[in-house]
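The letters A, B, C, D, E and F name the chains in turn, as written, and every chain counts its residues from 1.
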Amino acid sequence: MATTKLGFIVQRPGLKSENQKLALTHAIASQSVEIYLDDDDEVLCDVAFIGDGVLNCIKDQKTLENYDLNSTESHVKMGLLCDLNIFVCKEDLEKFGLSESDIVMDANEIGGDMDVRVVPYDEITKMMEEMNHLLFF
Amino acid sequence: MKLVTFVSDYKMTVDTLDRLKPEKLGIILCQNGVFHATTKENGNSSSLLNYTADYYVLKEDLESRGLTAENVVDDKVKVITFGDIVDLMFNEYDKTAWL
Amino acid sequence: MGKLTIGCFASLVGSTNLDFAVKLSAAALEKGHKVDLWVSGNGTMISIEDQRPFKDYSSLQKPLEELMAKGLNVTACEACAEARGYHENNTLEGVKRFSMDWYLGSAFDADRMLHIGGE
Amino acid sequence: MGKLTIGCFASLVGSTNLDFAVKLSAAALEKGHKVDLWVSGNGTMISIEDQRPFKDYSSLQKPLEELMAKGLNVTACEACAEARGYHENNTLEGVKRFSMDWYLGSAFDADRMLHIGGE
Amino acid sequence: MATTKLGFIVQRPGLKSENQKLALTHAIASQSVEIYLDDDDEVLCDVAFIGDGVLNCIKDQKTLENYDLNSTESHVKMGLLCDLNIFVCKEDLEKFGLSESDIVMDANEIGGDMDVRVVPYDEITKMMEEMNHLLFF
Amino acid sequence: MKLVTFVSDYKMTVDTLDRLKPEKLGIILCQNGVFHATTKENGNSSSLLNYTADYYVLKEDLESRGLTAENVVDDKVKVITFGDIVDLMFNEYDKTAWL
């Protein structure tokens, strides 16, 4: 059994480009990757929001109402539902004067068990070290 | 000239706004530009709010990012709609610049 | 009432630049203005038919068709389209294709112009 | 020799991001590596047939066909393509279309990976 | 007889996006716009390079050799051949330590009479004032 | 980790490079990123050259912009080709970051 770990690092605010949302949809696709793999092999995806990227996590995004588009918030929740590790950089949130009450933290209403993890940047560095490959958005 | 400029990015890659000297300047914050109206870094408002200008921020783009009029950090920034943009363009300004 | 010419050169289906151009067109039409929308570069993406609507991507075919029914004049840069493999035979009904001089011709008698470049 | 997986999410035909991905693929193939190229978002633009070559726009159909003949494995994100109106029937011969998990599957046994996002 | 003047302002370096080149091809299209106009009506296009945009004007661009693409340099020359006013901001050139000998200045070899005009930013401001509409790239 | 980063813009919109702390860092300047290697502003080299890193600049992208090895302002920046990039990726580094 082999595991390949991919780290998705979101460093820019979203919507202007679709890349930030594609980061989440690609990470979520790890749920169905087994069709390309041998039994017991797997690909695990961690997602981290850093820098201006943390602005993607502000809650109550009315993107569907205004642009008929799924919000990045809804994708973060879907990622939690799929048990992805989703990290948000603590220092960057603080820099913007944001706290856990301002951002999407869980996916309880759709039955997700995982929570977003607000962590010091050092832990994100550690995650990056552990990954086999990194994908910056 | 009476120039209304559109700022659609949070991190700007041009310094054109520093150099434009119209007789009347409007700044419409849209797309990721709305963060200039709502977001402080280390307690400081965006330096983009320092121009002598009339400031506007697009309601739809605030909301799409989880923000509302309540998040706007400076009273001088007026929340507007697409319809208001049309009226501003036709009634208050004669030229436009998407930066 | 005036005439507004919008040019959208921006690139991303899934970005909100094209959405912005379409929504501003709608608002201007609603107020009785005449609106020309020129799409160049990757903006020509909205000119092809049969785009499948997903909520994960900006889906502008339907709003565009509704606005064209209300008088929105949409023209795509022919060379930009051809370079991308978008041809006459898969162009969305109602969208015109001309060379770049069309945009300047539209600007000639426009009361206001918004050129969305910026990349 | 190793395997390189390149993902290009970048947007602009006429930008050099897709050119960069194609040229790097060529260089890696030349050195005997196996190369998978995944195109997502507007990167899917290189997946459609009959792009007219002009010197004013990046024209990647020909180099892509040459590299596929030498073993380059090109796959486009199916949803990203469909959202843009690019369908099976106008896909460039040799280019595959799969859902996003294909990219992760390719990464699984890649020795190196270059993900070109950045916008 | 009526004239509409359009000012094309290029403020970013090129090639990464095709927009900077499209600025020139659209300005050059003023040569054929009469098919949409009444007799004697015309559209005049001025082009100005400012800020990082002046980097588009460095000469000897080997874009065709490396990327099979026409260079921005070749488009500037074509613009001169079509008698467009092409301005380059003097202060920005100086900021980058560039002089007239580093940039494309004329289109003599293809028979162009016009030269690129390196001018203080104030003159570009004056040009912008005179235009009916501005297009920023 | 041994990380090779690709810088393709002249004006950067992210500060990620300030925060990455790999045991070995490579910086490849490509596309408009090549200007960091060649262009001084008001006499000053780009601050992007201040990292502790091995620096490379892509020959094809220099040339496409009218620049050559002679325009590179700092000896520590090595001019390379696409083939060299492949070798660097496979032989000197284990991960990549396109910023």
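Definition applied: contacts are C-beta pairs under 8 Å (C-beta built on N, C-alpha and C of every residue); 3 or more make two chains touch, one makes a residue touch a chain.
These numbers were taken from a predicted model, which means no experiment stands behind them.
Asker: If you check the contacts of subunit A and subunit E, which chains show up for both?
Answerer: Touching subunit A as well as subunit E, we find B, C, D, F.
Asker: Where the contacts of subunit C and subunit E overlap, which chains show up?
Answerer: Intersection of subunit C and subunit E contact lists gives B, D.
Asker: Determine, using the mean of C-alpha atoms as each chain's centre, which chain is farthest from subunit C.
Answerer: F
Asker: Greatest Cα-centroid separation from subunit A: which chain?
Answerer: Here the answer is chain E, farthest from subunit A.
Asker: For the pairs A-D and B-C, output the one whose chains share more C-beta pairs in contact.
Answerer: So, comparing the two chain pairs, more contacts are at A-D.
Asker: Compute the distance, rounded to whole Å, between the mean C-alpha positions of subunit A and subunit B.
Answerer: 29
Asker: Taking the mean of the C-alpha atoms as each chain's centre, how many Å separate subunit D from subunit F?
Answerer: Each chain reduced to its C-alpha mean, subunit D and subunit F end up 24 Å apart.
Asker: Could you grab the centroid distance between subunit B and subunit F? Build each centroid from C-alpha atoms only and quote it in angstrom.
Answerer: It comes to 34 Å between the two C-alpha centres.
Asker: Indicate the residues of subunit C shared as contacts by at least two other chains.
Answerer: 11-17, 41, 56-57, 59, 80, 112-113, 115, 117-119
Asker: Enumerate the residues of subunit B that touch no fewer than two other chains.
Answerer: In subunit B, the residues touching two or more other chains are 8-9, 11, 13-14, 31, 60-61, 64, 96, 98-99.
Asker: Could you check subunit E for residues that touch two or more other chains and list them?
Answerer: Only 12, 15-18, 22, 25, 52, 67, 69, 132-134, 136 qualify.
Asker: Testing understanding: with touching defined as stated, what is the shape of the graph linking the protein chains, line, ring, star, complete or other?
Answerer: other
Asker: How do the chains pair up in terms of touching? List each pair.
Answerer: A-B, A-C, A-D, A-F, B-C, B-E, B-F, C-D, C-E, D-E, D-F, E-F
Asker: Under the stated contact criterion, what part of subunit F meets subunit A in this complex?
Answerer: My answer: residues 1, 3, 13-16, 19-21, 95-99.
Asker: Within their complex, state which residues of subunit E touch subunit F.
Answerer: Residue list for subunit E touching subunit F: 13-16, 52, 55, 58-63, 65-67, 69, 71, 73, 95-97.
Asker: For the complex, give me every residue of subunit D touching subunit C.
Answerer: 11-15, 41-42, 45, 48-54, 56-57, 59, 61, 79-80, 82-85, 87, 90, 119
Asker: Would you mind writing out the residues of subunit C in touch with subunit A in their complex?
Answerer: Touching subunit A from subunit C are residues 12-17, 19, 55-59.
Asker: Please name which positions on subunit F make contact with subunit E in the complex.
Answerer: 8-11, 31-32, 35, 39-43, 60-61, 63-67
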